[in-house]
């Protein structure tokens, strides 16, 4: 039985964590996501979930590492500068194959930047801002409802693949209110994973959580294993949304909040008789490469729109592989593009193509 | 090696076998505990890490808490502690062992948790985590191996390196005017209200080994009683990077390190508000 | 029906809660809603605004830059958002403090002396409710009863005794809108 | 003080010849071998038969490879099983 | 007058820093690059350069930020996990437009990994491991000589563009010895840059180093300015090396150490009659996109070789834009590919193409 | 606002003009220093940051070191300090102001350098940098604004939040058993040999303002004498996040904060080894 | 104590009405205005003519906007230039 | 001329410095050189090795896996690198401690009892120089004088009084190589 509420994105996400039976949250305040920690500090006692304000993001991510090693459902959230500080820890978590949920409510960068919404951390999230070859499963919600759903889904994926999952959202989604259907309260973890560090019973060998292998050939094996896992994830976990793509001649591609603005732009375009569709990658890793490649065979051109200087567009171009022109329109530093502006850019860039 | 007393050792052993051996199970008065695995340790000859490991293992074995204990190894020479201790363990990023231990303990409050950290780890890069873990009074045990140097990376200056002491990054000796004085982090930690027990020990002599073991044991016992944080410093050596033999290293430690880092309790339950 | 609104003013004037009340009330009527604050440092002392969308159909973009209705509670907000009213749209402003009134003539403009009226009600805090009443008179997109329910959601429990006062303020606003219209 | 009879058994293959046990032995019972073990270290051997089983050497040994025995006054139990005994001896002598 | 010496890569780099008149180095030990700090601790007194062992990499990069703000020549070095910790600081430095030199002597990741050589940090270096849209100028040496030359060049570029420059090298180049020609001792900085925080004389407005702009539209302007600067860098500073590319039918592409191994592989290939050339991007940002695109018109295929799971290959593919097949061969976790192995993979992947 | 004494202020001013004004340059006994710019400050009404800024500016003006001073602003409400102080300034990443200051001072040893940091900045995320900057005895001044809360981000618990005190992340009051006791970082720092001068002040009353200014002045003077690190804590308020009027906030500060953070010197040159 | 004649000038447009000066004034000379400045704050006004120029208000003012004057005993210099004087007055009254 | 060599043994046997001496000496003869250690934890107590390349022409890859000469100073190194000798190449090993000698017959193999010889020279540390001498006898790629210069570069100043001893050891190695050859 689910309940409909009007909630702020950050609070909805925090509520979803409680409902999903999350066992512990470790985090450090930073705008525009502090409501996550604040909400949990208020309501997590409902399930007895551990909520700890860490002394820093570096401590927080390493707490996530430690707690995740016990096989429980662990999460943290932050925003851009804080996520940067977590990169070493994330690389450790990915290598040690610990399931956990990370949330980045992106703000305008680089540097201290602004606290306005941005998508400037796509590269960091998808290519790996930390050192070495690893991948996070990255989900990009575009509604407050998805902020809720992806928490539950994120934990499930994290445990399915023993891999950290990142919800990549932005300040606007974190701060805005929308209707959400909440799912019923789920149990907290009671069964210990067999790989977890929970105390070694006589019946098994000791468990060790580590990301170290001092012998290069053994470290390579770990990497090969990780890469194989990422392949499986790419085969099974691609998520995307198509909006009026069927008869589209031009495609807008965008993730998260931007996809919604693109939809409005597409509506405006159709009002003008321009057949525009919107393609929204939901899983940024694994990226819907094949689907985009397929669509590229059907449309005349793509305009990728992002709240950054052009990041996901590289993955779009890799997917299109030269088939059709891929244009880009981006706003930066916390500025959100408007539907009208997107339409205008689209008309400019595809001046010839549009009937 | 004094030639005069050295007898042919094979002959010697053969002689021993000839005698009636007293080496029987019932006569056994000391052997390494089960919790210490048989894997040969990678430490340099004479390194204090080995003794510290064994003491932890002894305490865990004697308290019968092997099944309930989770250890956290740092980045430092003891990064492989999990290869030697037969318990569940988590390796932690450099400096973050106490944050990792905090989290484990928070989600498994009934288990025993300890972190094992070097001076570079605990008192340089991990200073923030150390202070805050202690200040929160996390109910766990921190074992701090202070050898005055970065062992693993080849002998760079640590926060605890003594004044004038040479290291690869203080080749002319630690100059306190530019590099600061050695950081007595244990003295700082002892003052935090969250810290219940804080002591400084060593493993250079049989007597000190016994005392260090006792301290570690208390750390686990207080944890059982949910008293808060126990902090056990072990002043140790690093023969390789001090560029001394193990015996020279221990002598230097006794003369130089102990003078700066005096052994003894810094905070004991009766004297909590000291 | 889709109503796209922006409400702007000083922090502390109840700008954000006006939008929230509209959205909560919308939810009660099973409408789609979205509320988007301009968050950030401006909230402290400075200006604040929020966009609210109430619609019978799914809302695509929660961020827009042309509005069916603009509600401006101070001069800077009026200056900033006058041009953001869609042609034929509605502009409501709190008139007591305005020196430079709006000039557009392709839109409907409602000047409400809400502060003064609030003073008469002996609670300056209900200024925003007066404005909201005026808006609802012009755009009766939500039942008044549901607005009251919305207020209950937004107002902390301990202030619920003020609900009658708020209701009064809403009604005052409706009256004023009627008058201005005349 | 009545002289107590003690003995030690070490796993010489794991000995690194650090000499800390030697320094800790109050009886001067220990010395380094002239030969190297397969890891390339000189290893510790008991050279005097005056061990009291005080455990000092074992306490300071970083490798945890010293077993210490001390003769108890009470009547001996039957010795450990032959296999165990052989095991010990084998390790001591050959490895 | 230059001097020929046999030096370890890390030490040569450190010596080059002294010779280049570097004013300060802040760093934290980590294998395989600790020799940089150690060498400087021994010899920096020759010029009076400041050498400070920081308490952490986080402190070190923020010291670089502070010191670079005075307009002097400042540098740090680290290896993979340490670089990850620096990502927040690097984003700040890039946004505040501070010239400085960063060195990453990459080791095998992810996590604690190994200390063996790797190129697993390409993405982090080139796409921006920190938050927001920014670019480092990234130079990848392949000889100890270049470890020296790129220090001087790196400082020059850093000041020319007020942008951090990263030397992306690896453990093997850091540890190996080769002959180097050292350049003569250069002066340390004595003139203050007009933007630097050195104390405000009456004659000018105060200088402020910051990366904050709380207004989204102003923050966007900063971003637009940065992107424009990056464009200029892309126009002017592309560096690459071609080796037997003129008549090549197949191209090996690799950077740093790998390029040298590729050369040996190309020699072996030519011995077998296969016309293989090697293309080595030297500047990884700006990336020699146009040149690769041009070469893609002349060869039948490209095999990109990296010591990672496939990172630069994305930029190669973006450059090739679907023209010809781009294959990839990678070794991970500290394993270095051998010339023979590269040749074998090349033969396998282009089995049809090779005469 | 007491109605009885309130006269129509415009009338009042007109009266003033009518009188012979004593407001002439020669009678001026106090005005804000030049080093403080005219830019209106973004702080909430009654916030202590404003006074602290003014004091720094006064000292810089009076010592005549405006041209030789470089300030470091933190991330926190005072992130915009550079908008108000008319000196060269560097903004620093959250927690790292003292590392930034260290570096500036190292490359410009003849200049005056200070960092200005909040309690979240200095005592939470920046703990490591704070301790090590102080321990190295960097020859600079740290000004520490302790308002017991994260002001900028909207009132989360700081390391210095008092026991039982409510904040957005301790909505039921700070529970020392899970969140630790307030961290008296100034007390810890006072013990480091590199610290030459360490004091705790406040800016709530004219007398305390004068004392605080004196402390800041000493910090700059000792820097000139190359004495090492000076650390000046200013216990401050945060009316907005404490959810009090400025007057209530100052009262609460005097009663609650001063009890926990007693004002006074913690280390003065004569008592250096205290 | 001889009564000293003092006065203050404040930049009311920058006043945030925090009332700290009011609390600090030993003479109870200060009060908040009923009107708001353009930033929306009530601002501080001197309501009593008993100011001693003690500077207390200025010391605690977070905005640094209070200038304090105190009449000196020595013979007055010719007053400041008219333009200066006007300037001060203008600021005080209208802004 | 290009000579690609790997030298492997226990840490402390002087494995790394042998390679360095060859390279320094190579530089004196204006040759191209590269020296690549296997660095890392194995250096502590465990095994160590380095690759050295000395060439008249520019060196492409400093990392290779087939060598003209393999020098193995202990059993594990011998086991590991015997197969890495190019056909027709040279394998030199310290024979005193070897239980399982090499078995290939497509290469030249030199077993040198260098430890025993070093003991005779009353300094076990010069074992590596004896081996180096043997190598130079087989592959006279560098002048002996320049090797001595190379030793000066690698040996810390305070040990320079040991140079005559090292020279003696080199010559001993050359003699031994001669003998084995015979």
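We call the chains A, B, C, D, E, F, G and H, going by the order they appear; numbering starts again at 1 in every chain.
Just so it is clear, a residue touches a chain if its C-beta (ideal position, glycine included) is under 8 Å from a C-beta of that chain, and two chains touch if they have at least 3 such contacts.
Everything quoted here is computed from the prediction, not taken from an experiment.
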Fill in the blank from the handout: For subunit F and subunit G, the touch-path distance in steps comes out at 1
Practice task
Determine the shortest chain-contact distance, in steps, between subunit B and subunit C.
Solution key: 2
Completion exercise
dist(centroid_CA(subunit A), centroid_CA(subunit F)) in Å evaluates to 39
Completion exercise
Between the Cα centroids of subunit G and subunit H the separation in whole angstrom comes to 88
Exercise for the section: Could you tell me the distance, in whole angstrom, between the mean C-alpha positions of subunit A and subunit C? Expected result: 34
Problem - Set of subunit C residues in contact with two or more other chains - result: 40-41, 45
Handout entry: Two or more partner chains touched - positions in subunit E
Key = 31, 52, 55-56, 58, 81, 88, 92, 96, 112, 114-116, 210-212, 214
Completion exercise
By the touch definition above, subunit G meets two or more other chains at residues 16, 39
Problem - subunit G - residues contacting subunit F, complex - result: 5-7, 9, 14, 16-20, 23-24, 28, 31-35, 39, 41-42, 45-48, 53-56, 58-72, 76-77, 79-80, 84-85, 88-89, 92-93
Problem - Residues of subunit E touching subunit A in the complex - result: 58, 80-85, 87-88, 91-92, 94-96, 106, 108-116, 118, 120-121, 123-124, 127-134, 210-224, 226-227, 308-309, 311, 314, 317-318, 321-323, 331-335
Problem - Contacting residues of subunit H [partner subunit E, same complex] - result: 20, 23-24, 27, 32-37, 39-41, 59-66, 153
Exercise for the section: Going by the contact rule at the top, pick out the subunit F residues touching subunit E in the complex. Expected result: 66-70, 72-73, 79-80, 82, 85-93, 96, 99-104, 106-108, 111, 128-129, 131-132
Practice task
Would you pull the subunit A residues touching subunit F in the complex into a rising list?
Solution key: 28-31, 34, 37-38, 41-42, 52-53, 55-57, 81, 112
